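Here the chain labels run A, B and C in written order, and each chain numbers its own residues starting at 1.
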Amino acid sequence: MNEFSDNQILNKERPFAPQTQKRRQTDTAVSWVFRLATYGILACAAYIFGDIIVKGAPVVFRAEAPFINVEFFTRSPETLVVFETQDGTERQLAFSDYSQWKKDNPGVEIAKEHTHSYSGGGILGPLVGTALLTIICIVIALLIGQATAIFLNEYSSKGRFINVIRLAIMNLAGVPSVVFGLFGLGLFCLFFPVITTASELRVEGWRAIQLFGTEKYLAFQGWGTCMLAGGCTLAVMVLPVIITACEESLKAIPMGFREASLALGATKWQTIRTSVLPYAFPGMLTASVLGITRVAGETAPIMFTAALAHKDKLPWQGLAVNPESGFFGRMLSQVFGFFTESVQAMPYHIYTVAARIPQSEYTRPMQYGSVFVFMVLVMCLSALSVFLRIHYRKKMKW
Amino acid sequence: MSSSKVLMPTEENISPPAPESSAVTSSHESSQEETEKVIKVNDLNFAYDGKKDVLRDISLEIQGGEVTAFIGPSGCGKSTLLRCFNRMNDLIPTASITKGSIEILGTDIYDQYVDEIELRKHVGMVFQKYNPFPKSIYENVAYGLRIQGIKDKATLDQSVEESLIGAGLWEEVKDRLDASGLGLSGGQQQRLCIARTIAVQPKIILMDEPCSALDPISTATVEDLITQLKSKFTIVIVTHNMQQATRVSDKTAFFYLGELIEYDSTTRLFGSPAVKQTEDYISGRFG
Amino acid sequence: MNETPHIIRDFDSSLKGMKASVLHMAAIAGGNLDNAVHGLLQRNEDLCNDAIAEDEEVNAYERSIDKEGMEILLRFNPLASDLRAVVASMKVSTNLERIADQSENIARRARKIIKKNEVPEIQLIKPVHALAASLVAEAVRAFSDGNSQLALTLFDKDQELDRLHKKAIKDLTRAIEKDQENLRTYLNLIFIVRCLERIGDHAVNIGEDTVYIEEAADIRHIGPAALEEEE
C-alpha cells in the first residue's frame, strides 16, 4: 500500500481534507518569500539605526549630569587640534580653546600637533541654520501650496489647462534635487530683485532700474547665497508634495459641507473659509510637515543657495546697520539683512565632515554625533506629524 | 413681502384696499393666483454639458404651503430639477438651462439680475446625507445667520431656539447646545440640518432624499417634521421611497428619462395614475 | 389590467394566486345557487343538502382570500392597479360569500317546500333564477377577464331582475289570498325570490368592483353615468 492511495481512501471519507500536499507547500513557500523580503528591510533599517545610535549616542550623551554633551549643542564647528604635551598625554581641543590653552599655559612644550577641520566644537551653527531654512521653507511652501491647492480643488473647473498644471506639478516632483539647487542659484541668488545703492550695484542695463527720485536702484542681481534663497529653493522643491497633500486634505472634506454652506446663502469664499479650511487645515499641516522633513534633509538644493561649510557667526550676529536711516528703515534693513545671511546647515555639514575632510579616528565623533542628532530630529518631526494625523483623525469624524 | 402673504393669507390681501372697480378686483385676484404658484417651471430644458438635455420640456407649477414630491428612477432628472430651484447646479460651470425659465415667487431666477446667494436665502436645501458641520449644535443652527453678518447674541439665541423648536429638536438638545452636532443620532442630525435651514427663514425648502440614509424610526421623525413644516414653508422633496411620497406629499410629480410624465395629487397619482409609465413605475413593473 | 410583469416575480404569482382563489370560490358559490334552485324545482333534497354543506367551503375560501390579500398588502405594498385589484378582490370574495349564504338560505327553504304539497307557482322561480344566475356568471366573467364593459351591462340586467322579482312577489301574494292552505310554502317562495333578488345585487357589486379595478372609478350608488361624467 503506498501513501497516495491511502490518502485517496482517507479523502473520500473526509470531504474537506487536503486533496494534495503540493498546493499547500507552494502556499507556505510563497508566504516565506514575502516574509523574508520584509525581514530584509527590517534588518537593513536595524543595522543603519544601530550603527548610528551605537556610535553617535556616546558623543551626545554623558554618563554624569547633565547627561548631555552641552558643548556639542552650544558651539559651532571648529577645527579640532590634537596635540601631545611633553609628558606624553594626548589632548583634543577645538581651535579657539587650543589658543586659549596655549595662552594659559605658555610654558608647556607641545610635541605633536595636527589639526582636523570641522571636527571640533559643536553643531549649533548647522542646527540653527537648518531650523531657519525649514521654517522659511514651511512658511513659503504652505502659503503658495495651500493657495494653489485651494485654487485647483475649489475654484478651477476641469479642463485642459488644469490638466497641464497638474502634469507640471507632477513633473516638478520628479526633478532631481541638484537641478533645484542650480535653479535656486540662478533665480534667487543671481536674479531676484533687491533694492540697493549704487555702490553695491553689480548689474547694469535693464536689470538695474533707478528708483524715481532716489539714489537707490531696483537691481535684478539676486539675493546672494542666503537662507531666504535656500528656503525658497526648498519650498519650490517641496511644493508638489505640499500641493498634493493639501489637495488630498481638501478632497477629504465632504462635499456636503460645501453644499450645505452654499445652500444657506454663503458665498464661495465664506464657504471655503468657514466650512472647508478649518477642517482641512490640520490635515494640510501634518502632511506638509511630513513633506518638509524630507526636504530638510536635502543637501543639494542648499549647497548652492544658502549653506556654507564654515561660518563663525550665527546669522543674527553682526548685522550691518545704516545709522542714518530711520527706525523703520533700520528695521527693514535688519530684517532683510538677517534673511540674506548665509547659514550652515546640518545636511551640508554632515556632507562636509563625512566626505570633504581627511578621515581619521578624531573625525568620527563629530560625524556620528551630527548624524545621530539630525536623524533623531527628523524622526521627531515625522513622529509629530504622524501623531497629529492620528489625533485629528480621531477628532474629526464625519 | 407679498410672498409671505401668499402663504398665510390675511384679511388685507383678500379684500384689496384699492378703490373698487370690477377690473381692478379681477386683476388683483389673478395676480394673487399667480403668486400662489410659488414655483413655476415654464417649458424647461436643462443640460449639464450645454449640449445633451437631461431635462426636457418640463412645465409645472408648485403650490405654496404644500408638500410636492418628485419621484422617478435614478437619473430621471428629478434631483437636477430640484437643484435648479436654488441654482445649486451653478456649481457645475458647464451646466445651464437651455430653454424655458423657472419663476420663483414671481421672479425668473435665471435672470441676470438674480444673485444666487440671495436666492438661496429664500430657497433652502436639505441634503440626502445629513451633513451638520463639525461644530456645536448652536453654531450649526446659527451658521446661516452668522455668514449674513449677524453678530448680536440675543438675536442669534432667539433664532437658534425658534429654529430648533421648529425642527422638533429643542426638547432633545436644549441642555447640550454646546455639544457637537455630530454626536446626535442620524435622525437628530438630519433634523438639525433642517433647523439650520429654517433658521435663515426661507420661503421654500428643497429636500433631496432627506431620509435615504436614516433608519425607519428616524425616517418617521423626519417625515412627521415635514408634515408639520408645511404650514410655514413650501416643501419640494425628492424621494425614491414611494411610501414616503404617499405619506408626506400633497402632490406628486413622476419623472422618467428627463421628462415630466405625470403630475397630480398624490392620492390620484398613486391610486389611479393616468399614464401607463407611471403605473408601471409605481407598481414595480419597470424592466 | 396592466399586463407588464412585475420586477418581483413572486408579486405576480401572489396576485395570480389570489385571483385564482376568487374564481374557484365563484365557481363553488355559483354551483351552490344552481344546486339549491334545482333541488327545489326537481324536489331533490340531496341537491339542497349539497348547497348547504358547500357553504362551509365558501366561508373557508373567504377567510383564505382575505389572508392572501393581507399578505400581499403587507409584503409588496401594492400601489395603483395592484392595490385596487387586491382591495377589490377581497370585496368580491365577500360578495361571493353572501351569494353562497343566500344560496344556503334558498336550499333550507327548498327543503321545507319539498316536504309540503307541490304548488304550480313554483315555476315562478325559474325565470328569476335564470336571470340571477346569469348575472352572477357574467359578473364573475367580467371580473375574470377584466371586462368593465361587460360589468357595466349588469346594471340593466339587475333592473330586469328587480322587475321579475316584483312581479313574482305580486303573483305569490295573490296566490296566498286564494290558497290559504299552502300559506307556508308561498311564504317560503317569497323569501326565495327575495334571496335571488339579493344575489343579483351582490353580482352587481362584483361588477362595480371590476369597474373599480379597471377604470379606477367608484361607481357605487351612482351607476355607470358617473363613469361617463368622469371621462
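What we mean here is this: a residue touches a chain if its C-beta (ideal position, glycine included) is under 8 Å from a C-beta of that chain, and two chains touch if they have at least 3 such contacts.
All values derive from a computational prediction rather than experimental measurement.
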item	value
Touch graph components, with chain A removed from consideration	one piece
Chain-chain pair with the highest tally of contacting C-beta pairs	A-B
Chain whose Cα mean lies nearest the overall Cα mean	B
Where chain B and chain C are represented by their mean Cα positions, the distance between them in whole Å	51
Chain centre separation (chain A, chain C; CA means) in Å	95
Residues of chain B defined as touching chain C within the complex	242-243, 246, 270-273, 276, 278-280, 282-287
Complex interface listing, chain C residues touching chain B	2, 4-8, 11, 76-84, 216-217
In the complex with chain B, residue positions of chain A that touch it	157, 254, 256-257, 259-267, 270, 274-275, 279, 396-398
Contact footprint of chain A on chain B as seen in their complex	86, 88, 91, 93-94, 117-118, 120-121, 124-125, 127, 129, 131, 133-134, 143-144, 146-148, 182, 193, 196-197, 200
